[in-house]
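One structure is given below, encoded as C-alpha cells.
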Amino acid sequence: MQFLPGYLDHAEGSCLVTVGATRVLCAVSLEDRVPDFLVGKGRGWLTAEYAMLPRSTHTRSQRESTRGKVGGRTHEIQRLIGRSLRAVVDLEKLGERTLTVDCDVLQADGGTRTTAINGAYVAVAQAVAKLVDAGLLAETPLREPVAAISVGIVGCDLLVDLAYTEDSRAEVDANFVMTGSGGIVEVQGTAEGRTFERRDLNRMLDAAWDAIAHIHHLQARAIASFAGAKRRTSRPRAKAIASSTRPKRAPARR
Amino acid sequence: MQFLPGYLDHAEGSCLVTVGATRVLCAVSLEDRVPDFLVGKGRGWLTAEYAMLPRSTHTRSQRESTRGKVGGRTHEIQRLIGRSLRAVVDLEKLGERTLTVDCDVLQADGGTRTTAINGAYVAVAQAVAKLVDAGLLAETPLREPVAAISVGIVGCDLLVDLAYTEDSRAEVDANFVMTGSGGIVEVQGTAEGRTFERRDLNRMLDAAWDAIAHIHHLQARAIASFAGAKRRTSRPRAKAIASSTRPKRAPARR
Amino acid sequence: MQFLPGYLDHAEGSCLVTVGATRVLCAVSLEDRVPDFLVGKGRGWLTAEYAMLPRSTHTRSQRESTRGKVGGRTHEIQRLIGRSLRAVVDLEKLGERTLTVDCDVLQADGGTRTTAINGAYVAVAQAVAKLVDAGLLAETPLREPVAAISVGIVGCDLLVDLAYTEDSRAEVDANFVMTGSGGIVEVQGTAEGRTFERRDLNRMLDAAWDAIAHIHHLQARAIASFAGAKRRTSRPRAKAIASSTRPKRAPARR
Amino acid sequence: MQFLPGYLDHAEGSCLVTVGATRVLCAVSLEDRVPDFLVGKGRGWLTAEYAMLPRSTHTRSQRESTRGKVGGRTHEIQRLIGRSLRAVVDLEKLGERTLTVDCDVLQADGGTRTTAINGAYVAVAQAVAKLVDAGLLAETPLREPVAAISVGIVGCDLLVDLAYTEDSRAEVDANFVMTGSGGIVEVQGTAEGRTFERRDLNRMLDAAWDAIAHIHHLQARAIASFAGAKRRTSRPRAKAIASSTRPKRAPARR
Amino acid sequence: MQFLPGYLDHAEGSCLVTVGATRVLCAVSLEDRVPDFLVGKGRGWLTAEYAMLPRSTHTRSQRESTRGKVGGRTHEIQRLIGRSLRAVVDLEKLGERTLTVDCDVLQADGGTRTTAINGAYVAVAQAVAKLVDAGLLAETPLREPVAAISVGIVGCDLLVDLAYTEDSRAEVDANFVMTGSGGIVEVQGTAEGRTFERRDLNRMLDAAWDAIAHIHHLQARAIASFAGAKRRTSRPRAKAIASSTRPKRAPARR
Amino acid sequence: MQFLPGYLDHAEGSCLVTVGATRVLCAVSLEDRVPDFLVGKGRGWLTAEYAMLPRSTHTRSQRESTRGKVGGRTHEIQRLIGRSLRAVVDLEKLGERTLTVDCDVLQADGGTRTTAINGAYVAVAQAVAKLVDAGLLAETPLREPVAAISVGIVGCDLLVDLAYTEDSRAEVDANFVMTGSGGIVEVQGTAEGRTFERRDLNRMLDAAWDAIAHIHHLQARAIASFAGAKRRTSRPRAKAIASSTRPKRAPARR
C-alpha cells in the first residue's frame, strides 16, 4: 500500500493510493458554501463521489456519462465514503465550508471502496492542513484517522484485503471502517447465497482491526512527510509513502 | 406488525405489510426466463425493486420517474432486499425462472427497508407455493425464513424497530437480516457523526435476534393461513395476520 | 365501488377507491405556494400525477423511473385528472395554495383514469375540509362534485364502466366527466379502426349521466361519513363507503 | 387554408399546410417492417410524431431534445394524430409496412393539432399513391378522407378554427375529427374552469361538420392536383391548393 | 442559393435559405438578458442551436427529443454557427441582450452547416435592424457580413459546396467561414483515411473565397430587399433573393 | 513532455502523458468485433472517448455522469481524437477488430486535446504491437506516427502549445494534427471575436510542424523503450521517456 499525497496541483488536497494493482486517485475540493439544508447553521459538510475509469477493469465498461445515469453500486460506494469521513471530521469546527472528495479508480483489482476511503483521509488531511496553515481555522477539524479494510471468507479461509479474484469467490464479504481509537464507523457484512454466524463476524472484526491499525500508521507517515516537505519547499511534492507489502494477509483455518 | 398476504389478484405472490404507520405493498412476479448472465446455467434469479409513493412521507417528494433517475438510497435498498431473499432461495431448485419482487411504500414511518424484506418473504412464499401446487416444482426452493429489523442507539438507549422520529435521532443505526436458523445474511451498522464499540454491536445483535425470531413466527402464521384459505375457497383472500403490538421495544439503559 | 377516505395518515387528503379489481390510492398534498405563472395573482392551483405500480397489471411493466421518462399515456391521464378537478374548485377561493393530487394504481382492471378522478374528488374534499376546519378558509372552494365514467361500444352493446377485457375489445371508447349539476367537464370519444355516429354519442351520454349521478351519491356519503367520524374521534378513520355493486351496467341492444 | 403537397423531395409523402399564421410541415416515411407486436400478423401500422420548432411560438421555447424529454402535450397530440389517421387507413390492405407521420410546426397561431391532421392526410395520400403507382399495392388502403377542426365557446360566441388569441380565451375548447362520410373518429370537448351543456356540444358538432366538409374538399383538390402534376412532369411539384379564406367562421349568439 | 428573409412572423429575425435540395429555416430570438457569466458586464451574447427534422434526410432519423439527448455532431455544428456569428457581431454594441439563432434543417442534401451560417447572418441582420429601427440601438452591432462554404477533394477534383453524394465520397472535407473583408473566422480541414498537403489547403482556400464573396453579395441583396420592403409596407414579406444557380462549382484537375 | 507507456496492467495499450501540469491517461481496449455498419466488410474500427476528472481543473466541475449527458465540447474532442488516429491506422489490415481509446484527463493546464492525441498514438502502438507479437496480425496496421499541437496568437505573439492561461487569452486558437511524413490530418483554426489572415495561418502551420516533428521523435523513443523492455522482462513497465522541456516555444513578433 503506497500513498502519494499531493499528486494533483489544483486540488486543495489529493492522494494517489496504490495497493496491489488497484490505484485510486483521491481529490479534495474546498468550497466556502454549504448545501441548502445547512445554510446558516454554522456547520460544514463533506460529500464524496466515486467513479471507475472505463478501462480500470479487466474488460472495458461503458462510461456512466454515456449511459446517462449513475449505477446503484456507484451510489452505494460514494455514500459509504462520505459517511466514513464525516465520522472523523468535526463539521462545526470546519465552519460553513464543503469538502467534496472525488475518488476515481484508475485501475481496479479488488478493494476499491476501502482503498478510496484510505486515500481520501490523507487527501482530506492535506486540504484541512492548508486551511490551518492559512490561518482560516484555529485548529484541525480532524478528530482521529479513519481507515477501511475488506475481509472475506472463502471456503474455510479468512482473507484480509481481497483482490478481485478472491473477492469474486468470497461467500461472505465484509467491509469495516474504523477510527484510530478503535471505534467502529461502519460494519457491512454480506453473505451471498449462504449465511454466516456471530463467531465469523467476531473473527472478521479481529482481523480487520489488525489491518486497519497498520493502515493508520501508513496514513500518519504520509501526512507527516507531506507536512515536512511543505515546510522545506515552495512547491511540495511529497515522496511516496509505502509499506513493503500489502497489509499482512492471514489465510488461516477457521 | 400485520401481514395481509394475497392482497393483489394478478401478482403471483403479494403481501401488504403494516407496522405502525408504515405500510409496504410487496408484489412478486414470476417469469420463465433469466437474465443474460444466467442463460443455460439451470439456475434461477431473484431481483427486487423498491420505491416510495410521493406522498408516503410527511411532505410530498418528487417522483423518481419525473426526476428521470433512481436515487442512490433507492438503489441501495433494492440491492439489499434482493440479496436478503436470495440468501434463502435455492436458485438451482427454482430452475430457469426469475422472481421480481416489487416493494412499494404506501406510507412511511421508519423501517421501510426492513418491513419490505419481511413482507417480501411472505409474498415470495406465496409465489413459490403456487409453483409447487401447480406441479411445476417438486419441492419448495425456500430453505428457511428470512426477516430483518433495525436497531438504533439514541443517547444511551437501545431501540428496536425505529419509527421515523427515532430513526432521525439515532446516532448509530443498524439493520440486521437473519434467517430462521439464526444465520446472519446482512449486518449493516452505521454511525453518523460518532463511532460505536464492539460491545454496542453485540448488544444490538442480541436485541435484533429476539425481534427477528418473533417476526419469523408471524410470517409462518401468515403463510399458513394463506395456504389454509387456499384449500377452502376458490378466490382466496387470507385474513390479516397481526401481532397485537409492534415487536417489543426494549429501551434499556446501556 | 368502494371509497375509503383518510387511508393515509400524512396526506392532507386521501382516499383508497376500489371498483371491481381496480384499486387506486389518491393522495392530496397541500402547499402554501403556487407555480411561477400564478405568483401574486391571488389564485391557487391544482395539479395531478398518475402512475401505475409495476405489478398492478396482469403482467409486470417496467417502472417509469427505471425507464427514465414518463410515457405518453401517463401524461394524457394526469392532465385529464387535473382539468377535471379544476372544473369544480374555485381557485380564487383556494387562495395562493397548490393542491397536488397523486393517483397511484395499486391494481388495474380497466377504468383506472375514471376511478382516479372519482377518488381524487373525495380526497380533495377531505383536504379542503381541513383548511375550512382550521379556519384558513372562510368557505369551501368546492363548487359541486365531479365524477367520471367510461362507456364503450362492443359489437352492438353499450357497456358502462369497462373492465379491462371489455375495454380492450371496445371499438368505441368514451370517457365522460360531469358535475353534480349535470354540466360536462370533459367528453373524450375515440374510435379505434372505425367511426361512430352522433346518435351513438347521444346514447353514450345518457348512460354516462345515469352512472355519474350514482357515483356522486356515493362520493357524498363517503365525505359525510368522514366529516362525521371527524367530529366524534380524534384520529378519524372513516369506515368504507360502498355500493353493493358496480354502477349498474346496461348492456342493451343498440 | 393552403395545402402544398410534395414539399419535400426525400419523404415518400409530404405536405406543407398553412392556415392563417399557422404552418405545419407533414412528412410521411414508409418502412417495410412493423412494430414487434404486429410481426407476422399481415397488417401494417401508422404512427405519428409531433413537435414545434423552438421559435414557432411568440416567445422561444426550449427544445425538447435539450430538455431531454418529450412533454405531456406533445405526447397527447401525437397519439391523437396517429389514431385519427388509423381510422381511415385499412391496415390489412397496407400489408406489413409502417407509415410514420412527422408533423413539425414551423409557426404556430392556434389549431396546430387539427392543422397537422389535415395536412397529414394529404401526405399519407401521396405516400400510398406511390405504393399503388409502383404496383406494390393493388388498391389504395385509404377508405375515406379524414379532417379535424377546433371549435370553441368564447363568452357567448361559437368560434370555428381558433387562432391562438381566441384559443387562449376560450372557456370551452373542442376538437372534432370526422371522415368524409360524416363518421366521428374523435370528440374531445374540454371546459377549463367552467362546464358546458349537451346543447353546446350539439351546436359545436354542427359547426364542426360544416368546416370539416369544406376541408375534405380542399384536401381532394390538393391530392388531385398532385396526381395530375405527376402525370405531366418527371419531378412533380404541385401548385399550392388554397381556399380564398379560412373556413367560414360563424360567431353567432348562443 | 435562395434567401427568403422574414419567413416567420413571430421571430425577431428569420430566413429560409435554400441551396439545391437543402433547406434551412433560421430564426433569431431576442431577449433582454444575458447568461449568468455575462451579467453586469455591459455586453451581449449570441448562441445557436441546430437540428434536423427527422425526415430531412433520405431515410428517417429518430428525433433527438425521443432519444433524450443531443448528439455529438449536433453539438459541434451549433458551436460552429455561434462562433461564426459572434465574429461579426460587436457584443458590446449589442448591449445586455441575447440573440438565439435556431437553425432547423427542413431538408438536407449536403452543406447544412454552411447553409445554416449563411442564412443565420441574414436573420440576425433582420433582428438587429429592428433594434436600430426601434431606436433601441444607436448603430448596428454588425461589423461585416459572414458566410461559409464547404470545399472537398474527391479523387483529383476540387469541389465547392458539396452535395450529399459528393460529401460522402470526399476524402478531404473542409469548411471555411470568412467575413466580407476576407478575414478568416474558422478553418476546419479534415481528411478521413488519408492526409492532405499544404498546397491542397491553399487551393481550397482560393476556391472558398471566390464562393464566399458571391454569397456575401446575395446576402446583401436579401437584406436590402427586406429593408426596402419594410419601408413600403406595414407587414413586410420580402421576395426571395436567388442566384440563378448554385455558387459556381469548379471541378478542376488538381 | 513525458510519455509513460504501459501505465495500466489490464488495458491492451496505455500511456500516461504529461506536459507541464497537464496529465492525460490514455487506455486502449481491443475487441474482436466491429460496429454494426462495418460487420462483414473485413475492416476494423477505431473510436475514442474523452473525459476530464471533476478536479482536473482549477475549480471542480460537475461530473458528466451526474449531469446525465455528455457536453458539446467533450463530443467535439472525442470525434477529433478518433479521426486523427484513424488517419494513420490501416483499418483493413487491422481486420474485424475495434480499438477503443479512452483519454481521461487527470489534470488540465491547457492542450488536453492535443496531449490526448499524442499519448493515444503511443497507447495504440502498444496495443497493435501485442497483436503482431501474438501472431494475430502479420504486420502492423500503423502507417506512420500522428501528433498534434496547438498554436495561438496572443496580441502580436505566436505561441506554441498553449498553457491554460495563454489559451484563455488567445484571440486565435488553432490545432494541427500531422503525420510523420508531414501530411495534414486536421486543421482547426478559430478566431473568437476577431478574424485572422492567410499569412497568420501559414505562420501557425510552420510553427506547428516544428513542434510536431519533435513530438514524433519522443513518441518513437517511448515506443522503442517499451518494445525493448518487453524483450527483456516478463512484466514490462517502460521507463518514462521525457524531453527536458516542453516543445520549444517561439514567442516571436508577428
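Think of it as A, B, C, D, E and F in the order they're written, each chain with its own count starting at 1.
By definition in this document, a contact is a pair of C-beta atoms (placed from the backbone, for glycine too) under 8 Å apart; a residue touches a chain by one contact, two chains touch by 3 or more.
What you see is a predicted model; the values in this text were computed from it and never measured.
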item: Chain D and chain A - chains in contact with each; value: none
item: Chain at maximum distance from chain D, centres defined as averaged CA atoms; value: A
item: Repeated interface matching C-D, over half of the contact pairs identical, chosen among E-F, A-F or D-E; value: E-F
item: Where chain A and chain B are represented by their mean Cα positions, the distance between them in whole Å; value: 31
item: Distance from chain E to chain A - Cα centre to Cα centre, in angstrom; value: 52
item: Distance between chain centroids, defined by C-alpha means - chain C, chain F (Å); value: 61
item: Two or more partner chains touched - positions in chain F; value: 68-70
item: Touch-based graph of the chains, sorted into line, ring, star, complete or other; value: ring
item: Chain order, ring traversed from chain A with chain B following; value: A, B, C, D, E, F
item: Of all residues in chain C, those that touch chain D in their complex; value: 69-73, 75-76, 78-79, 83, 86-87, 91, 174, 178-179, 181-198, 200-201, 205
item: For the chain E and chain D complex, residues of the former touching the latter; value: 8-11, 14, 21, 25, 27-29, 31, 49, 51, 53-60, 63-70, 100, 102, 104, 106-107, 109
